[in-house]
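In the two complexes that follow, chain A is the common piece, with chain B as its partner first and chain C second.
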Partner chain A sequence: MSTAILEIPGDTGAPTPTRKRPSLLAWAGYGVVVLVLGIFALGSPYFLQWENLSSVLNQAAVFGIAGIGLAVVIITGGDDVLEGGIDLSVGATAGLAGSVTAVAAAAGAGSLRAVLTGLAVAAALGALNGAAVILGLRPLLATLATMGIATSLDLVVSDNIKVALDGGVFLWLRQGSIAGLPASVLVLAVAALVSWWAVARTSWGVHSYAVGQNSIAASIAGLSVARHRFMSYVISGVLGGIAGVLLASRLSAAVPGIGGQILLDIILVAYMSTVFSRRLVVNIPGTVVAAIFVAGLANGLTLLGVASQWVGAAKGVLILLVLAVVVVRGRNTAK
Partner chain B sequence: MEILQTHSARSSNALHRAMLKGAAIAAAMTLLVTGCSLKEPVAASAPISTGGGTAVAGAPSAAADPLAGVPSLAGKTVGIAAKDIVHDFSRVVYEELQTKIKGLGGTVIATQAEAKDDKHVSNVENLLTQKPDAIIVILGDAQTLSPALKKINEAGVALFTVDFQSEYSANNVTSDNWNIGSTVARTLAEDIGGKGKILVFNGFPGVTPCRIRYSELKVVLEDYPGIEILDPELQDKYEGTIEDAKKQIQDQLRRLPAGEVDAIWSCWDIPLIGAAQAIDPTLGNDIKLYGVDAEPGALDLIADPESSYTGTVAQQTKGMAAASVANVALFLGDRADEVPTTSYLDPVFVNKTNVNQVRHDLGI
Partner chain C sequence: MTITQQPQKNLPAPRSETRELSPVTVPRRWRSLAPRLIAPVALAAILLGFSLLSPVFLSVGNLVGVLGQMAILALVATGLTVVVRAGGIDLSIGVAVDLAALASAALIADGYRAWVAIVVGLFFGLLVGVVNAALIVGLRIPPFLATLSVWFIGSSVQQLLTGGGAPIYLSKPRVPIEFALLGRGYLLDVDGVIVSAALVALFIGALLGTTRWGRSVTVTGEQPTAARISGLRINRITVSAYLLCSLVGGFAGVILASRTNGFVPGSGQAYLMDAIGAVFIGATLSRFSRVSVPGTLMGVLIFGLLSNGMNLVGLSFFWQGLGRGVVLLAILLLGVLLSRNLPSGTGILTRLFTRPAARSTARTTT
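== the complex of A and B ==
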């Protein structure tokens, strides 16, 4: 079925094209990140201390995991912001999953059942998104509507008050560690490795990129565009749910309405992942690096003593700087 | 010698930080033309002259300048973690704390969390990694912040809070929210003659001051059985509050029969500014609005005899900041025994008859 797009050029007898070594410019995104983080390290003796790095990784975990889910949606739906794959409900889904988990735990469901209940609700929202998109609704509008539903349900489930989430696995997620790595970072690492393997090392991942980059060609080649897109939203929902449970554990409570507060950073890290790709496409490792970079920016600027009201502006400038690298690289590639 | 070396190293680090900070800010200013959400910077406060402002026994007196005679903060670093600077109370406390700390020779690292709980926690964690001598937290939620505050405690860094009670805090400076809540509720009940129906904004039942003020409202209304809180209670939002509240009240006025609502209550002023914008242009509505915080916009409306905005409560924001800094200085200056667990500053009740006088007295 899929051999049409995976056909090996060598079979035709034509000379096999040699793969070009990536130019140094391909690593420019990483270079700018290392430069910025290096400035922070020089500016503050605390930046490179393990305690601080651990804190940055901890702060990046929620955005990283939810960002991976969004990255899968963009990969499968295409990176056109208006017409392509987007999941605006991922933040609200995270918030709702956290609230459902906290309410279930408070009702005596036990940690595992509480988490599974939260994730089931998140998966259901993902399925709703997927169904709406394959029915022909624009992802931007469909997921905007779902965001409203999830936000409202969050207020209903939590009764608009913070619901405590402590003890057991939630306490471990907040302050546990293995070999010095915080628990939330381990969850991020597992989510990233599994997602990276699925996207970069399986036929499903190759097909997902194919569907996202040219759905008509992928359909002609026999791929089920609808199935891939539906699954991408379910994955986004589940990963959003995991992020929500992590966030609620970190805050030791589910906070109603928190989904809207984290959405922009999730979108930012998913799209920013293109900077860390040789082909300038949304990807999983890049999403994780972007999440760590964004968390490191706020931390580093605070350590440098930049006034709080300027942190957002300075962070924006540095992100623009990194993104500018993509433009320069894109122009060079086009020449 | 060791002190000199440490000082030299600190100076060097400070120079590096200053250069990098300058570069970052210059870049930001050059490349971004941004509309900062901050209002005009607050000037150093003058001593507060009010009939209200005194602290409890052991706490510095606001009227007598709490900073008089306290130890210097030279060589000390104090971190500030504000929940937000969205409304006037937290913005003024945030700015004033910095002014007072610098005035005593201390170094400030200031952060604000844009009203986001996760950012508030991150800011506290980021401050702690810099090992300051003390951290002052302005507002917050005990449930979400306690784990981070416990870390501060375990690291041996002194913690102080403003309007936020925590078991880990060496001192909390606050207004007496029970007093505020019951007085606003009694005033409302008496103003509408002990009977009628009221709308209530209750979007933040988990925020301590709001929880206390709301519970006091309920307690007071037990003695006014003729007053009914209309269902459903309204949900005020933290962002886009005024516009959202305006729409909600416009909808309620359409939904409910004319003359059904006698008053509207909120634990803070911002939603009521929107409510006044919805009510004031209409004719025939005798609805009275009661809030807390003495936001400038609310005070303007109260001063307007035609406005439905009837009363609010002014907190001594500058006095609270000064009291907190005084407590930090005493604590770090080996005079911890002079620092009370809680420093209460009296609130000042504002209505249409005293609004101009209070504004003059408190400089708000």
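== the complex of A and C ==
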């Protein structure tokens, strides 16, 4: 995949080739999105109504925010799945952060303190992941173990019962809105903007891509591979925690065991972002688009009257479609 | 060379440099052995610890019971070992287990004969492998993502086939005796499941360890390019590894259906995480960090005894996941840490656990 970026002309003195217009296939990702959403809009008059669209955005917020965290990990760790960066614990971390927040709020801590406690726990889990990874453990295995730990802690903290989460900030996150935009969408927008700025516009972001695509070259160039990788897991933990708090306030309760259910969607969203990139790399705006698309897909299928069992199959086929596009485009650019 | 030498100084974590310079007091053989001893030591510690905490733990009855409970996990993990040895991963093996259990339970419920149910069950398991192989070898999709999407599709298919996830229960008198014997039979006072799991493990272990095919699988997994250049048909070998993995998963599913006398959707998926953990714990046993069937079985034994011990001690279900996660993390981390300060000759040990970056920096520093 990285070959597309490394196509730098040698020192032959030849004029640098002008940047070609992206081929038609490069827009295939957007094409699929527009096509599918268009079918939904034709099929159901309700799909394009503002209430429905805002509820789609609402659902997209949780996967989008957690997906951004995972995207940062994949960017910094490389996108080879067996050896590169992956955070399997992000779903469980989100669930745990939601439970901790709800329990802290129920115990009488103020909303702010409750949220901070939840986020601190999530950051600690991220730090555990990061420490294990920079010690040399494969991310897949390290985060697998952390996932088990976080799932278990979630049960311990919540005592395996729903913990209600209501009032104050949490009520606002569920129902509040500013200028017609639901609060959770605002949170998503802020998270997306900040991380897009950090990844695409700062040296830290460029270094992260460098570390992920060729860590040896990056370390010879003087970048601290370990520090970048460690930070990426902490960021993933914190963003997972924010997503968890958001999810718990949307459901007005922390539901134990929800982390395992949202993990697959988060992974799907983060990997799908490659389709919305001209260079076939994981990126932040693509993650947000993918989150909105996946939420819209589930919503649209339901509106069309498709049984909910098919939604999972549709998502699976979707990943395969996405990957097929990536593979075909990768072959073309490699030539 | 000088160019590469200089910036070495600001490498993030000097891997083995400082430790190698320190006087070696421990004999070299010992140090290369240490990481391989972690899993046995952990197993011994678990046995010792729980036997002190609970008097029944070390009784023969309990240990045999543990073996019976572990049989299905052992089968799943053995299947996974084949794929990991071939350099891939199969997240959809739980789907193979589920679909096989679903098919055989449904056929028995409809009154088919036992052998029909068993064969169709195995076929359904194999089908998952066919899809995986087509995606991974045919379309060149990375194994993790291909099998992840098969997991999505497979769990959706299960819900469709069971009308939204309704469990199938078999009434005892109507189950043919041959089918019941598969999961609940006894052979000379030994739980039949243990016997079948042991036979399958022995077969796969011999296949991987002693045959030409096993060597090809190993080479394909560790040096795919070299294997291809030297004339091995790596596509065929990869396909056969995924097919075998799913077939073993399907067998585990048929046994699961017979043992639980029915089918509960999603029950096979629960084995996946423990199986992955067991396979990679097993890799610490090998000098080359190679996954192997005996190693996997030791990993399964660690998980099984740990769960059983925690149950006997009366630890609540909530804490058990924490215990398993901590043990998994501790074993794997110790493996990495102990093998990191080894002389360069055994640097390959870290191959399976470290990323290429860490590996290569370790090589350049030495």
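Just so it is clear, the second predicted complex is superposed on the first by the 310 of 335 C-alpha atoms of A that agree within 3 Å, B and C clash if a C-alpha of one lies under 4 Å from a C-alpha of the other, contacts with A are read in each partner's own complex, and residues count from 1 in each chain.
The rule is short, and it goes like this: contacts are C-beta pairs under 8 Å (C-beta built on N, C-alpha and C of every residue); 3 or more make two chains touch, one makes a residue touch a chain.
Since this is a predicted model, take the numbers as computed values, not measurements.
Chemist: Is A:N160 touching the first partner chain B, the second partner chain C, both, or neither of them?
Modeler: Touch partners of A:N160: chain B and chain C.
Chemist: What is the contact status of A:S55 with respect to chain B (first) and chain C (second): first, second, both, or neither?
Modeler: first
Chemist: Using the touch definition from the top, say if A:Y46 reaches chain B (first), chain C (second), both or neither.
Modeler: first
Chemist: Under the stated touch criterion, which partner chain does A:A66 make contact with: chain B (first), chain C (second), both, or neither?
Modeler: neither
Chemist: Contact-wise, after the overlay, does A:V234 reach chain B, chain C, both or neither (first, second, both, neither)?
Modeler: After superposition on chain A, A:V234 lies in contact with neither partner.
Chemist: Which partner does A:V90 contact after superposing on A: first (chain B), second (chain C), both, neither?
Modeler: Neither partner.
Chemist: For A:W310, is the partner it touches chain B (first), chain C (second), both, or none of the two (neither)?
Modeler: Both chain B and chain C are touched by A:W310.
Chemist: Look at A:V255 in the shared chain and tell me whether it touches chain B only, chain C only, both, or neither; answer first, second, both or neither.
Modeler: The answer is first: A:V255 touches chain B but not chain C.
Chemist: After superposition on the shared chain, which partner residues are touched by A:L320: those of chain B (first), chain C (second), both, or neither?
Modeler: In the superposition, A:L320 touches chain B and chain C alike.
Chemist: Across the two complexes, what residues of chain A are contacted by chain B and by chain C?
Modeler: In the superposed arrangement, which is not itself an observed complex, chain A uses residues 155, 160, 307, 309-311, 313, 316-317, 320 for both chain B and chain C.
Chemist: Which chain A residues qualify as touching chain C in the complex?
Modeler: Listed in rising order, the residues are 77-78, 80-84, 86, 132, 134-139, 141-142, 144-149, 151-153, 155-156, 159-160, 215-216, 219-222, 224-227, 264, 267, 271, 307, 309-313, 315-317, 319-320, 323-324, 327.
Chemist: Across the complex, what residues on chain A touch chain B?
Modeler: 39, 42-46, 49, 51-52, 55, 58-59, 62, 155, 160-162, 164, 174-175, 247, 250-253, 255, 257-258, 261-262, 295, 298-299, 301-311, 313-314, 316-317, 320
Chemist: Which residues of chain B touch chain A in their complex?
Modeler: The touching residues are 13, 16-18, 20-21, 24-25, 27-29, 31-32, 34, 36-38, 82, 85, 109-112, 116-119, 121-123, 125-127, 129-131, 141, 143-144, 146-147, 203, 205-206, 235, 237.
Chemist: Can you name the residues of chain C that touch chain A in the complex?
Modeler: Per the stated touch rule, the residues are 4, 7, 10-13, 89, 135, 139-146, 148-157, 159-160, 164-165, 273, 276-277, 280, 317-326, 328-329, 332-333, 336-337, 340, 350, 352-358, 360-361.
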